[in-house]
Every structure is written in C-alpha cells, then in structure tokens.
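Each chain carries a letter (A, B, C and D) given by its place in the written order, and its residues are counted from 1.
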Amino acid sequence: MQVQSKLMSLVKNQNFVLLLIFIALNVYFASATKSYFQVGNYFNMLTQNAALLFTAAAATLLMKTGNFDLSTTANLAFSGVLYAILAGMGLPLTLAALITLAAGSCFGVVNGLLVTRYDISPFIATLGMMFIGGGVALLICDGQSVRNGLPANFMGLMRSEVLGLPISILIAAVGVTVSWIMAEKTLIGKYAMAIGSNKNAAALAGINVDRVVMGLFILVALCASLAGIMTASRIGTGDPRVAEFFFMDVIVAIMLGGTPLTGGRGTVIGTVIAAMIVIVIGNGLNMLGILVFWQTVIKGVILIVAVTINEKFSFEKLRDQATPSKGDAGAGNGQTMEEWSLRRGNIL
Amino acid sequence: MKKLLTMAVVATGLTVAPALAEDKIVLGKIPYTLEHSYHQSIVEIFADHAEKYYGAETIVVDGQANSDTTLTAVENMISQGVDAIALHSPDIGMTATAVAKAHAAGIPITTTLIYPESKNAPHIAPQEALSSHRMGVVATEQWIAANPDKPVKVAILDFGGFEQVVALRTAPFVAGVKSIAPNAEVVAQQNGFGNTVKSMEIMLDILQANPDVNIIFGANDDMALGALAAAEQLGRGQMDNGVPLTEVIAGVDGGENAMIKIFDPSSSFKLTHGQVRDNARAEVDTMVAMVRGELPMDSWMEIPTLSQEIDYWNTSLAGAQRFLQENFSFDGSLEELLSN
Amino acid sequence: MKYLMHYLQTDMQKVILMGILAALMIGLSIASPNFLSITNFTNVLLKVAIIVIIASAANLLMITGNFDLSVGAVLAFSGILHAYMSKHGVPVELSILITLIVAMAWGGVNALTVSVLGINPVIATVGTLFIARGFAFLIARWDGGANIMMGLPRDFVDFGRDPVFGLVPLAIVVMVAAVAIFIFIEKRTALGRKAYAIGANLKSAKLSGINTVGIVALLYVLVGLFAGLSGVLQTSRVGLASPTVGKGLEFDVIVAIILGGTSMLGGVGSTFGMVLGALVVGFTANGMVLLGIPFYYQTIAYGVILIGTLLLSQKFGTRAKA
Amino acid sequence: MTRTSDTIIEIRDIKKSFPGVKALKGVSFDVARGSVHCIVGENGAGKSTFIKILTGAQPASSGEIRLNGEPFAPYHVSDAIAQGISCLYQELNIVEDLSVEQNLSLGQEKHKFLFPKRADNLDKARSILANFDESIKLSDKVSNLSVAQKQIVEITRALVTDCSVLVMDEPTAALSLGETTKIMRVIERLRDSGMTIIYISHKLSEIFEIGDSVTVLRDGEMVATQPLKGMTQTDLVRLMLGKVVAEQYIPSTGARDETVLEVRDVSTRKLRDINFDLKKGEILGFYGLLGAGKTEVAEVLFGHDCRGEIRKDGNIINMKSERDALRSGFALVPEERREEGIFGLLGIAKNVPLMNMKTVMKNGLVSGKAERDLADKYIDMLQIAASNRNHPVALLSGGNQQKVVIAKCLNRDSDIILMDEPTRGVDIGAKQEIHNIIRDLANKGKSVVVFSSELQEITGLCDRIVLMYDGKVRETIENGENIDTDYILDVVAGKEA
C-alpha cells in the first residue's frame, strides 16, 4: 500500500516525470544513432549549453517572483562584444571580464528599476531593453564582430580543464548549484516564492519586495553577461549577432520545468531537467540528420504537447486535490482589483 | 509518455539516419544557412558529388547563419567522428576557433568564402571580388551610355556590417563603379537583412530620400529583388529593351528568380554573379584528398573558383541556362519561362 | 475645453503619441526635404499596413488579456502556401480562399491550446510559431527552393499591386478596412463589449453568462485570418514568397498595441491608439532611413520609444489624475 | 510596576491626504494597555488608512504616535513589527504556496548571509497553534487549510514575533459563526495574557462581545472615543451614521402561492439530498455555517453539475453551465464581488448590460444612447452614488459596487435571482438600501434566494429560511414576528432536535 502511494506521488511529481522523459529521450537517441551515447557528445552538449543552464537556473528564481527577462539575448551579445573590445584594447582578461559584468549588470538595474520603481510590466520593460541592448551591441562594434588584437589566451577560459572537466561545465555546475542553494536553502528562494504567490502578503510581512525583485533582475543580468563572456571566449570573437534565441530557450526551459509566468512555484531542478531535455532533443535530432526545418516543427509540437501534459495532467490533478472548496479560496490573491486598475490606469 | 510516442513516431518517420559505415568516408558539411536557395543547392551538389565520385556519405548540419550554432555543429561533427568537415562560416574569428578544434581532433577541415587569419587550412575561394568589381564596371558603363547627363548615384543593401561582405561584394562593386565614373557617390547604404520584403521597404525609403539613385547593389539576389520590387512600385525598375531608363540593379548568387528578371529586357535588375557547383566540388575534392593524405590538412592553400558574372548584355541566354542547370539543379527552360 | 481636459485625463498615452507623431512630422519635414510627399506617406502606410492589419485583430485579443506570438510565422506560412498553390495551377482567387481558411486553422490551433485547454499563451503560441515557420520552409523546399517566385501567374502579382480605383494600393485599403471594422466592433457590437468584459474580469464575465472560451477562441481565429490575409497581400505585392518574412513581426505588433495604450492584462485599450502606435514606429523607421542613420540606431530608438512613452504617460497620467 | 490600565499608544492629530482626498483629518485618542480597543466606522471613514499608518505600511502626512511614551514613526512594516505592533489585514496575508512554518517566520527570519538559522521559537509556535487548533501542523501547506485556519496561522504569526499590540482588521469577515466564536475566544485569551488589541469590525455584536472601548471614525474624523460599557448598539450606530437604522422583518406582499422552482434530491460531492421549493414573489433564505453547503446550493442553481432533479415552472431543467442557468431564468449576484461580480476597469454604463446585451442593442448593434439610458435608469433606481456613469466601477465604494452587480443582474430580468452574501463588506446604510431593493423585487413578483452567513440579515429579510448543516437541509422554517434565533443557531450548529 505504502509503496504504491509513494509510487503514485512520485509519478505525480513533475520533476520525476520530466526526468523520465529525459531518460527516455536518451535511450531513444542512443539506440537510434551510435554517435549519440558517448562521453564526448555529452561533454559537447554541456559545454555548448553551459550558459543556458546556469542562466535558466538563476532566471527560475526571478520567474518565481512573477517576473522574467527578455533582454538576456541582447545582454549576452552586448557583453560578448564589450569583453572582446576591452580584451582587444589590451586590458587583462580578468579586468575586462569584471568591467563587462559590471556593464552587463546595468541591464538588470534598468529592468529592475522599470519594473519595481515605475511599475512597467516585465514583458514591456525587458522587451524595450531587448531592443536597446541589441542595438547598443551592434553600435559599439559598428556591426562587425570583434577579433582584432585579442590576446592569445582569449579563449583560455573555455579551453581550460579542471580535473579533466571542461571549465564551462564546472561553471554551469557551480552556477546551477548556487541558484539551487539560493532557491531551496536561503531566504531568497522563499521570498521569491512568497512574492510570486502573494505580493501583498510578502510586503506586509516585512519583505522588501522591490529589493528582492531588483536583486534577482541583477542576478539574471549577471548570468547573461557571464554567458556573453563565455560565448565570446568559446567562439573566439565578440559577435553581436550570437545566440538569437537564448532568451526564448531560457523561458521555455523554465516554463517546461514547471514554473508558471505568474510565479509562486517552481524548482531549479525542474528547470535544469527541462533545459537538458531541450538540449538533448536539439542534439539528438541533429545526430539523426533531421532537416533543420523539421526540427523546428518538432520543437513546436513538443513544446505544446509537453506543456499541455505538464499543465493538464500531472499538475492540475494535484491542485484539484489540494484546493479546498470554492468558498474558501476567495481571499487568497492579495492583489485587489482596485490596485490593479489604478496601476494600470497609471501605466497604460 | 504521449510526448515520447509523438517523438518516436515523428522521428522514425523522418529519419534516414546515415549509417556511419567503417569503410566509407563520411563528410560533414556545414552550410551558412539553409534558408537561402544558394546553400540548399550547394548541399545538394555536395552530397551528390561525394557519393558519385568517392562513394562518400554526407552529413549536413545547418549553421543557421549564427556563429554559436555553427561552432556547435563543428563540435558535434568532431564528436561524431566524421572524416572531414566543410565549413561555410558566418564569422572570421569563429572560423579560426573551429579550424583549431578540428585540427586538435585530427580532423581535416576546409573553409569556404571566409577563412581564418591563421591561414592554416585549405580554403575554397570563390573569386567574388573580381566579379563584383566587374558588375560595378558593366552597370556603370551601361548607365552612362544611356544617360550621360545623369551623375552616378549608388545605393547599397547589405547584411549590416559583415566585413567579408564588404571585402568581397560591396567594396569591389563600388570600386568598379568608380573606375568608370570617378565622381560616383554612394548616397545610401542600409541593412536589407538579406530579405526581400525588408529590402523592399527600406529601398522605398531610400528612393524617397534619394530619388536620383541610379545604380543599386543588393549583396544577395533576395535583396536585389526587393529593391526591384520597390522600384517597380514607384513606377521605376524599367528598361527599354535592355537600355537603362530608371536605374540598374545588381545582385549576387544567380538563382533562377534573379535570372528570370535579368533576362527580361524590360526589367532593371540586370547583373549577378555566383558559383555553386565548383565550390561544392572543390570542397569535396579537397576534403577527400586530405582524408587520403594527398594534401596536408594544416597548411594554407587557396583553391580559387570562378564566381561567374552574369549580365543581360554579355551573357547569352544559353549560358545562363547552363549556369542554372549546373549550379541550381534547374530542370526548366529559361527561355520558356521568359516567354510566359 | 472641458472635453479636452477630460480627454487629457483619460487618454494620456494617446496624447503623448500624438505629440511624438507631431514632433516627428515637424522634425523630419525640416531635416529631410523628401519627407513631406504623398509617395513617402504612401510608403510609410504600406510599411505599417501589415502591422496594423494584424494588430487590429490582435488588439481586441489583447483586450481580452491574451496575445499571439505566432502571427509572423502564420504570415510567412500563408504567403508561401498561397504562392505554392498559385504556382501549381490553383486559380488565384481559390488559392487566396484556401490560404485564408488554413490561416484561420492556425488561429484555431491557438484557440484550442490557449482558450480551450488553458495553456499559457506565451508557450502555446510560440509552439505554433515554430510549427508554422517550419512548414513554411518545408513547403518552399518541396517546391524546390528557398522561396517561391518563378512561375507565379501574372494575376498573382496583380492582385497585390494594382491600386484600388487606380489610386490607393490594396494593402492600404485593407488596412483602413481592418481598422474601421475593429473600431466598429469595439464601439458598436456585443462582441466588442464582451471582449472588454473578459479582459476586465474573466470570472465575472463567466458568471455573467458570457461565452469567454468561445469569444477568445474566435479572436484567435480572427488574428490567424488577418495574419493570413497579410501574408497574401505581402507576397502579392512583393511578387515573391519567402519563408523568412515576418521574423520579429509578433513584437512589432505587440509594441504597436502597447504603445497605443492597451494593457497586456486586458480590459483597456483602443484600435485608434494602436494605429497611432504603429504610425509612430513607422515614421521613426522611415525618418531614420531617410536620414541615412545605421539600422542599429533604429533598434535602439524602438526600445527608447516603447519605454519612454510608457514612462511619460505614467508621469503625466498621474499628474492629470491628481 | 505598570498598571494594566496605563496607556500604551497615544495618537495625536494624525492626518493623511492622498492626491485629491483627505483620508484622515486629524485623529487623536489613547489606547489602554491590555485592552481590546475597537475602531468602527462606515466604509470610507478612514479605518484602513489609519491602520496602514499605525503599522508602517504608509507614512502619516502629519501628527504623532507615541508607543510606550516614545515617539513611534515606523518607516516600514518590519519597523512596526520590530517594535511590537503586528497586524492582521482584511485580506488574508499569508502565502498559499508556503507551509505553515514558512509562513510563521516570513519576513522575520533570523539569518546569516541569508541562510536562515534554525528557528528557536518553533516549540512556541507549535504550542500556540495547538492552543487554537490542534489539527494544524507546521508542515501543512497553507493552501490546504480553511479560511479560519489560515486566520489562526496569521494570528499565530503575530504572536510568535512577541508583539505587544495586535491590530485586527475585520478578522471575521470571511468566517462562519462557529469560527467567529473561536476567534472571539482567541482574542479574549490574548487580552487576558496582557496583549493590547486594536479591533476593527463591521459587526457590532462582536464589538460589544469583546470590546473594552471604542473609537468611532466618520469621514476621516474621529467622532468619539469612549468605553463600551454602558453603551447600546443603537448608541454606537448613531455615532457612526448620525442616524439610527433599525431592521425589522417586513413580509413580502405577494401571494406566494405559485411554485416556480422545485429542487428534489439534489446531491453533489458536498451536498446530500437537497429538497426545497421556491414560490413566486418569495424571498427564500439559506442559512448555515461556512462549509454547510450554502455556496454549493447556489452553484447548483447556477449551472454546476449535480445529481437529482430541478424543476422550474413544472419542467425538468438540465443545466450544464452558467449560460444554461441564465437561459433557464436564473441570475446570480456572486459572493466575491470584486473577483466575480464587477468589471472594475469598465464604467457603470458598460457593466450594467453585460448579462443581457439585448437591452442596449438596436438593429443588432450596441446603441450608446440605450446604454446611457439604461445606466441612468439603474443609477436612479438603486441610488448608486457615482459622479459619472463612465467612471471605472473599481473606484466606487463597496456598497455601490454591489449595487452595480445587482443592477447587472436585474437587467437580466430573470424570474429567480440568487444572491450570495449580498451585503458582505457593505456599510450599514447601503445594506439597508440593498435589502429594500430585494424586497421590492419580491413584491414585483420575482423570486429571490438569499444565501447569507449573517443571521440578522436572514431574519430581517427572508420569508422562509432553509437551515443547512453539513451539506444537508435540516429544516425549513417560516419567518415571523417571534422567530427564535436561538433555535436557529442550535439547528445550524448541528444540535440534534
């Protein structure tokens, strides 16, 4: 009996379902093409997507507060170009990286200010920053990728290994772990969840909501900026047009991983598994030699089907059982209509 | 589970997984982006040639015009253990990285059109600059012959600052123009995003600001076609049986869409240049030679291919027909299409 | 005067947009001698026509609190499908009809996932985006290339290029019609009233007996229809169907709508404001090309206008209310 | 050393203005230590603003508060909490997705580099919780608790932080009678342990039950502060309103002999074998504790799935959705006005016709004139206080919002009108007006079903009363002059006859 109920609860656990999907995909690809199931290939996948993994992990915390960032792609491109320009000017790489991170974190500051201080919705604020950042990235290099005067060790960051592991995988592991600790072990995760679930309650409990949201915007910006540095170092040039769909991949991974756009719940683990699923599908389909256009179609189908399963099957049943009768549910949501409307009246 | 099932069904339905047979040579081809017909054709001819002459397998992974994706494709091919890689990269710096990675894994690699400054691998070099220059010359000559009183004004649509596009296409073209008309002026240069619709919109604005533009260069045919559509909308875009009236338009690639306009005596899109077949063959031949040890894989060698210049005045219809057949697997008749 | 004050209070954002538009007009007239001409205005209108046609429907959809990120892909797909069918012997009129029906089916997919199944529109419509875009490329490939141009019958192009009454380009006529239709829906029909109600309070709308699922689904289908229509118009006008068109169009549409004062949460907004928003974006881009400014400044300007307008309207909006 | 009757809080001339509004126009009074100090006033009197100032959620425009003789000007909610003032707001302010334990410490965690230290007060929290309700576990997820339990968690949270003053803003608004009693006992116990409680409520009976002294606010001004001892409810109401409102049962005038609705053996997951009739021109009341099934009966009548038989005018009807219910001639004034009733962003003129667009359509189109006329008709008929019919409804007061919901419902012109908690959160004046509207409806031949957890409302309004307990109809009684409220309370509390 007990085993059975434990099994049932495991099946209903979203992360477990995701993990099963991940394993099944690996089994399928491994049996379909022999070049898939190899250590080298997994290293490749992780190195190539290290930036996605730790950015998505950090952005999960932000999404838990009900906010998200569309400007990560722009930040990544901008940071990569800036890092290459600074390195090309002869600055020591560490200094160049630090300056780049500082500049990249400005994206977070502006996003955070627009969202917290000026009450602009995160979609619009970060969309605006996506345009501005993307433009600035092209502007500072005049549209040409930067490779002049790069020092010989420019690519050292991504080439070096520690204990036989590529450094980028280690960075991803550390980044994901830090985000996981922040989400599960520190107050930041709890506060983020409280803010996404009931902003009023969080504020009235004495949480400085604006500061938490602002901090998380900066955290995500720092990750995107680091992602830019890593990408520049990986491809050996500061390219303003790199990783076009980074922001979309980040958001897709988070949402597939069970964090809704409105926040309030979600796990870093779920995001990471979901990101790995996306990565594995991309890699596996390429290994199978499937035409890129079909890959696009398959990606779309999987996205819709996976989210439908996530929302409709495993999760909703859980919710149904947990939610008490309608009469009780009423007073839950802290944001009142009045506040909404007044805020909207002001913004739009 | 449902998802898995969908996955499995879709995947098995579509896959012809290339079996990596031991004795066969396996070639990896990374096109710039399959979104353009030029690259779709080159992939086709590449695979065909590799199979026919060497019995070699071809694996294609799209670079999607993005340096990150392209490098990922290179890395994956290395881990798949292909015998050689042909790379048409979007970025010079990234190309150096890719070549270094392939060499580190002991895999020969060729570059096409874009080569690393390290110059340490064979390079397929379509002589685009030459043909671009020639187009500039021909276009200007034709314009001046027909309209000696109108000073030459050039408008250019490019991809927004790619340096190799400047080196191989736009700069030589302008140089060609200036070699005939030293006072010629480039009055507008904008990003056409390689896209017909965007190019049309932007060219409308350019022609609004500079109605006296009379030579237009699109850095690919799609952009040249967009420029033509814009000109046509403004009642321009015309020639009197090959005599320039409003402007002369030039493009690059030489696909059938462009060709049909170029050989239409009343359209002002009149020049292009391109090369698919020779590039593909040169790539395959070089790769196989390296695999067989006939060529060193890590020393610079330039394999020039002719990017054939085609224009209304100097190329015969039969020549154009042959060009299309050789390069774009064209199986129709240009003449028939023109008479429709 | 009193009317003006009231207007200032309730529609600050539109006033700001009109201000920006006026400033653009005056500035560009001075800066570029070629700005003030009928052809230039026609050009700008043609450029914003596609955005406005789709945004007319998408605006009402956003008023219900939903949005559609797949419009660019559906536009590309429809253009390719129409070209493919026309090229392979289907009469142009029939081809347009079929294309529009298929476009509505794409809207139907969104309607099913978002409205009926209740999936978040971000993920659901991005899924549709991928699928439609992938098939657009595949159709072009089945035709044997990367785009379709050759072999298109003459009346295919004539449809998009022949001006209506020999005066106005068809795209502009359709744009005006679309705007008129949706202003009409917004002001004078039960559908419009109910759309606002759904956006203002979904639960109340349900309990008031409004068919919320049906109305949102209908609007998704309409957005699909207008995206398809735009695809047909654009392809016909350019004379070439390419699967790469319309990339980023979804953001153009949303920016125009948001600039126009529609809230992403629904309940407020107007077609008229959206038109203003589209015009501001259109004239800014036009002006920058006229002045020969590199394209990346245009991207920056886009973002600055978006955020700036919202900040301004917030600032003056609150003052006017106080 | 301190006597229990000394002053803990002194409030001196507190003023607060918002752009265009003066919410508080100078409030001064003292709160005695260890007392239950009530604050009453109609909606808009300034109670909520005052609480926000006292708890640091908003700064005062001018004036001074002294806590224990020291100046007290909280800059932030956490300042007030640190100095011992905690607050339970009107809306539940706990986070549904967190556990009880996580909620208890929310915002007040002791931490080192943001890593929370192990809470040293868990035992204390556990014992406080056990005192109130033993079934609540620290590890429970809050979304699984009932409203009263959530309230207890909130109270516990305040107690765990060692507050000396607890501010409670309408803690019983969403509670049933039994649960209210429970909270009353909790408050008494807290007071006896020396805590000072500032208690805000609309329900006068509660104030007289537990209050020591009262401050009356009206239009942002303090009308009086005095001990409750020796006061009558009428005195208090007079202070609040300046006029006395008495509510007495007036039977509907209709014949009430024609049955319009028969409900037979209706069961759902939460209801068992519900049977009742409804007559034309009758006001039928449903009374019972929270969870007794009132809301579920309303849901069944408004299209929720059920087993059993519902006959309207003798014909069996089968409803699958709200829209079916509307078509069958029902209309509902829902319980949660803001979330289910009004369209806050839209004006009155656009709210009113939404249940029945036909009333403003001409030739298939919406007519602006018809819309305006309709709005004016209802503004006039229901005495809706609004400066402008296009003013967003969200900006109206609670009572006026409720009237808009009722107007929307009346415009449907249904035979049977269901009203779930029609006067919750509505001030006394508006409440009376709404009751008059309901009576009017019945007198015009409509049948009205009122679901209420306020006994006074049920006995003052309804012709017949259905008493519910545990998902079942216990008894249906006729209202009259000498209705026995004690008996009713016994029945709904589940006492066997």
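Observations on the model:
Operating definition for what follows: a contact is a pair of C-beta atoms (placed from the backbone, for glycine too) under 8 Å apart; a residue touches a chain by one contact, two chains touch by 3 or more.
Since the structure is predicted, the reported quantities are computational estimates derived from the model, not experimental observations.
Note on interfaces B-C and A-D: more C-beta pairs are in contact across A-D. With centres computed as the average of Cα coordinates, no chain lies farther from chain A than D. Centroid to centroid, with C-alpha atoms defining each point, chain B and chain C lie 33 Å apart. For the pair chain B and chain D, the distance between C-alpha centroids works out to 72 Å. One simple way to say how far apart two chains are is to compare their mean CA positions; for chain A and chain D this gives 42 Å. Look at where the CA atoms of chain A average out and do the same for chain B: the two points lie 36 Å apart.
In chain A, the positions touching at least two other chains are 138, 143, 291, 293-294, 298, 301, 337, 340-341, 344-345. Looking at chain B, residues 34, 160, 191 sit in touch with two or more other chains.
In chain D, 336, 339, 342, 344-345 are the positions where the chain touches two or more neighbouring chains simultaneously. Every pair of chains that touch is listed here: A-B, A-C, A-D, B-C, C-D.
Residues 34-40, 160, 187-188, 190-191, 194-197, 200-202, 204-206, 208-211, 222, 225-226, 229, 232-234, 255-257, 260, 332, 337 of chain B touch chain C in their complex. Against chain A, in their complex, chain B makes its touches with residues 2-4, 6-8, 10-11, 14-18, 20, 34, 59-62, 64, 66-68, 71-73, 75-76, 79-81, 90-94, 96-97, 117, 160-163, 191. Every residue of chain A that touches chain B in the complex is listed here, in rising order: 21, 24-25, 28, 32-35, 38, 40-41, 43-44, 47-48, 138, 142-147, 150, 155, 231, 234-239, 241-244, 281, 283, 285-294, 298, 301-302, 305-306, 309. Only residues 182, 185-188, 190-191, 193-194, 196-198, 200-208, 264-265, 322-328, 330-334, 336-338, 340-342, 344-345 of chain A touch chain D when the two sit together in their complex. By the touch criterion given at the top, residues 32, 34-35, 37, 39-40, 43, 46-47, 137, 141, 145-147, 149-151, 161, 234, 237-240, 242-246, 285-286, 289-292, 294-296 of chain C touch chain B in their complex.
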